[in-house]
């Protein structure tokens, strides 16, 4: 097994384990922390795929900003462990069964799809994940979506402020 | 819907979005001994409940068991930042009550000591405001020069903080030349330091923003709350006991009463600073007047009242009459006249009143201190309501609350 | 509110000028002040090595005085104990016996004389109260100790050295440098 | 117009007749008494009457005279007129068995804590006070320490020999 | 002018008297060489890094300010980091009157402190009540918490506070690192009702 | 250039470099704490710690040993793992920044050319940004886990402060990137060292913004609201004792050193000693000179941090937010536009 | 590396997210699970981008095939950030009004 495979499996196991912990943690703060670990694992995958820019942006945006916001909100409203509402066991069980069957269904689907059989991906080579080509593409072909997204973001910010001010 | 049934909220809890913070009694901002149970909404203070009494020492009860001269050490511990004012306020009360007239030189010496202690009091208050806004260094700069004041005290009475300075009828000893030299040193060095201190804070925008518009109170409310001293003057009322009811020959001096306009923390800071400048000018005038006494006049340091002022030590050793007076005074065997008196002085942070009732016994029948801190700490809630938590801290220190005085 | 006196003086409270609004100018001014203090002489008294001269009237530890012949001056009249607001002084009087004239000056003397330094507030009233030139506060400050019993100063701790038998120490206690 | 003690006395007598009494002048301050139930009326009159204008409550304290049967507890108010620069002293007496006094907190915010203190020290019951509980002492205290019958000292003290002080 | 200026025999403090010292009972073997060396090194470190918690209630607190300030500068001893959080401090400096209302608070603060902790009672009021022999004042804080060093004076001069501080330093420097686990120490705490 | 080239000699070399850098940083930090106390003392006319060892030089060791030997208290009501995690995270995050800082020019040892930089990733600045944004977790988690209202409040303050000032910081950096055209710190420093002006000449406003934001990110006065001792009683580390407290205190100083290093590298030429031609000396000596120069620059910045801290008061929460959102961000935007305009005008 | 590995990984993460949305009642956790799903999709996008890029490189050494997917991921992140800021504001408001973060509580909206 090559070093890349080792890393891949380690990171995958890490990601899935942490994701499960997000689910089962009773305390939302713990959930947030586990989710941050998931994001780190995913960033690790990005690095494996040599998508450096996305890896670092993933950490800055998700781990550094979004999750801080989550943490902030949880601390602000200070939800206690015991006051966290719990669904009934049956509902939970149903949820797990539904998620599991969803997974099974999709896996089965993937197994049957012929187009992707035997196709490999390029792991650490290739330059498209680096900042230079990405920047070129972003500011040439995709400049209009880029600007639109910035407007979207601005309006979201304004919206958040307005909602918060109420 | 039944699945919601377990989410029952306690009554009123939906409206309650505040947190209860318990500030004190060992919180750094409370300087030891107050407790504020604050309701805060985020950083905003919604309400607060002040608890005091953490160093209640029963001064008033204690004073009922002590002859007059032994009460002086107790008054030391009222507002310990300016003990000499308390000492002298007590002595002035006794002298008024016992109808003792003081020589002018004693008055002027007292004025010097009192104004020195006013400076040290305001100095601590203002530098603590600085500390509570986060600037520690200015505090240390001025503390160095407070040491000069302490040296003068030490030269006069032998102690630094709880001075027990002066006696009923005058001082326990004449000022030495060293004391005057030290006073001159103080007068030379101090203005520069004060200027530096002002430069460090007064026009610094961070400091101005921290103090302006916080902890403000209107003149009418301040009076209703019983404010006196710098805190009332900051609100715009130029009430000063030194001017209104002069004691210790304050009428002989030319000084101004600084007043503010809004009564906020910045005004209080400015008023205290301005008062320090006035105090320096008063000390200079008094020192000049003292130097005009020549010859035997320059040796006067007490009134000639053998009933209340201890005779000279040499006389005690040699003369019978002096020994008898000595014994009578120390044993507290002199009956006080019957009656009552209220007498006030301008203490470090307001009108410090002494209400003395005598039933003709040897100790006061009842002695009540009008402690300015105690009276205006009540207004704290009104001062900080709606402000930020940080404002509350600054307001607390800029009110110059001295726990020893507050709790008595 | 009308003014009560003609002495009122409004404090200088101008609005911020443009330059003050910029924060930086005044911050730099303040930093210059603190910087200039780096080169100032430090007033620090490095205590255990350097000692500060106390004033001659400093109110520190008590001493019991003797006269020139080395006799104790205290006559146990109790005035100091009465004058003490902290009630820190305890004494027991005794009659002087034959043959003790060279130890005690008066016919009565303090057989036991204790001051509880933990109670004492060093107000100096005992010194003033003494009609016999016997008790003084000294320029030595009271040292700290580990136990309460280390603060009960009895006569041995308080008396100054005997000028006849221990002249050198006596001179030291008087502050006369030998 | 300078406000004089005589004028104040005249005004008070005019308004309250014989319900105010015991006028005297101690060290330049006019003192008088009234019945306990009239205290608020008197204070209000002093506050609101424009020619008097005692709008500043300097001090409020209690005194205990254990020998005055039926009037053991006294509440003393010191009032101050800033503009005329004059003080007056006003006191009321109540028996220790039924020490009910109307609160002055409606007129003066500053009376709030001073009344609490007086309650704490003497047990005078201020009717209508918004928050009448002990202020300086612990809530568990079961006596009113400044009354004359209670001792000053902590009885548990061990390091003092009282006999030597003639106070034993 | 006074006829005498100095008291030549201020009482020497005997470190063996301190509540934290005391001989090991017979039959307890002494620490090995390494443990002794470690103890002394740790003691040296601790004594130079005593972070005080100023429990300043009144006058002595003002003198403590003077002690902290430039003229006396307690920081020379490595102690300028005053903290008001009991967890972080090593030395509880009780300065000023402790009323009976305050006593439980003081005790609470002591309990919250992390071991090893020392207590110094500064001034007459904290040590013994001073002139306040009244119904409301605790007559010495050693009624509620164990005190290592008393500093007399009302308030003590900064020199005296530093003197007391150096006494504490001596004590800290000599303390064995095992002391806090010893039976004797537990007994001491038990006598104050602290588990 | 990728992150995944596995040359084992390189890995060992990097590991050694990491160990050296971390240890040096810790040692410097140890003495920075001492320096802070000394600087404060000297600014305040007092001698400062001088009794532990010669000139008090053993003071930080004494503090460290004392903290290690102190009892660990984990409040019963606190959440235990997070309580331990908090200080660890704070420490790790602050140390991680050191990876991309070029400490000097290349060294030639044992026939190898060793770059004095742990990782020259071509998005170095973004990496710094990511790590800085992680730094706040230590404070938040610690503050929350203490289960103390003051700590919680401090955690909230820290979070909002960090997020607000990161934006202005990023915008200031973007302006810098427009002039340098590279995200790699090594390139940025090399450009400045190659005889060009230091970047601060092109970006004076940007530097001031960056400096202020760095102060805010390090929680230094006037932005030390999370630990404001007069209000929050040291805030988030209130409940911490022993070495966990030490970690928090340490992390603050590490942060300070790291941000000084970044500022020195990005705006003040990094290891470049002005008016000195490195090519005239042997490369190894040049590297040593470079490292020394960088360290001196760092020390100067750290001194500036301390000097400011011991001079001015701190902000209030709302003023801090106002300054961040209403002053720093518009200013940074303006700076960016100005830079852009100037670059276009030159072309 | 076969593309299936990545697909399975992303599916697993996505399903965990779905399960979370179904089983948890805390609005914040539900929200976090949605973020998890988004991330799973992002990872898959990048994986596919690299797959196609690899095949395109064989034909043309300077090809930038697949870059659009990465830019798409970038946009998804932007949208996610916007969504989170609004969503959390809503949660805070909801908490202020109902003092709960229970999503079932929101059912009351229809009454």
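Points worth noting:
Should a chain be cited, it is by its letter among A, B, C, D, E, F and G, assigned in written order, with residues numbered from 1 in that chain.
Here is the rule we use: a residue touches a chain if its C-beta (ideal position, glycine included) is under 8 Å from a C-beta of that chain, and two chains touch if they have at least 3 such contacts.
Being a predicted model, the structure only gives us computed values, none of them experimental.
Common partners of subunit B and subunit E, by the touch rule above, are C, D, F. Pairwise, the chains sharing the most contacting C-beta pairs are A-G.
The geometric centre of subunit A is 72 Å away from that of subunit D, both derived from CA atoms. One finds 5 Å separating the Cα centroids of subunit A and subunit G.
Computed centre separation for the pair subunit B/subunit D is 24 angstrom, with centres defined by C-alpha atoms.
For this pair, subunit C with subunit F, the centres built from the Cα atoms lie 51 Å apart. In subunit F, the residues touching two or more other chains are 40, 43-47, 229, 233, 310-312. For subunit E, the set of residues that touch two or more other chains comprises 69-71, 73, 76, 84, 101, 128-129, 131, 133-137, 154, 157.
In subunit A, the residues touching two or more other chains are 4, 50, 53, 57, 65, 69, 76, 85, 125.
Those residues of subunit D lying in contact with subunit E across their complex are 136-138, 145, 150-154, 156-157, 159-160.
Within the complex, the subunit A residues that touch subunit G are 4-5, 8, 12, 15-16, 19-20, 22-23, 28, 31-32, 35, 38-39, 42, 45-46, 49-51, 53-54, 57-58, 61-62, 65-66, 69-70, 73-74, 76-77, 79, 84-87, 91-92, 94-96, 98-100, 102-103, 106-107, 110, 116, 118-123, 125-126, 128-129, 133-134, 137-138, 141-142, 145, 149-150, 152-153, 155-157, 159-161, 163-164, 166. Interface of subunit B with subunit C (complex): residues 66, 69-70, 72-74, 76, 137, 141, 144, 147, 151, 154-159, 162, 164, 172-173, 178, 196, 199-200, 203-206, 208, 219-220, 223, 236-240, 243-244, 255-261, 266-267, 270-271, 273-274, 310, 313, 316-317, 323, 326-327, 330-332. Subunit D meets subunit C in the complex at residues 82-83, 85, 159-161, 164-166. Subunit C meets subunit E in the complex at residues 42-48, 51-52, 56-57, 60-63, 65, 85-87, 116-123, 133, 136-151, 153, 156-158, 160-161, 169, 172-175.
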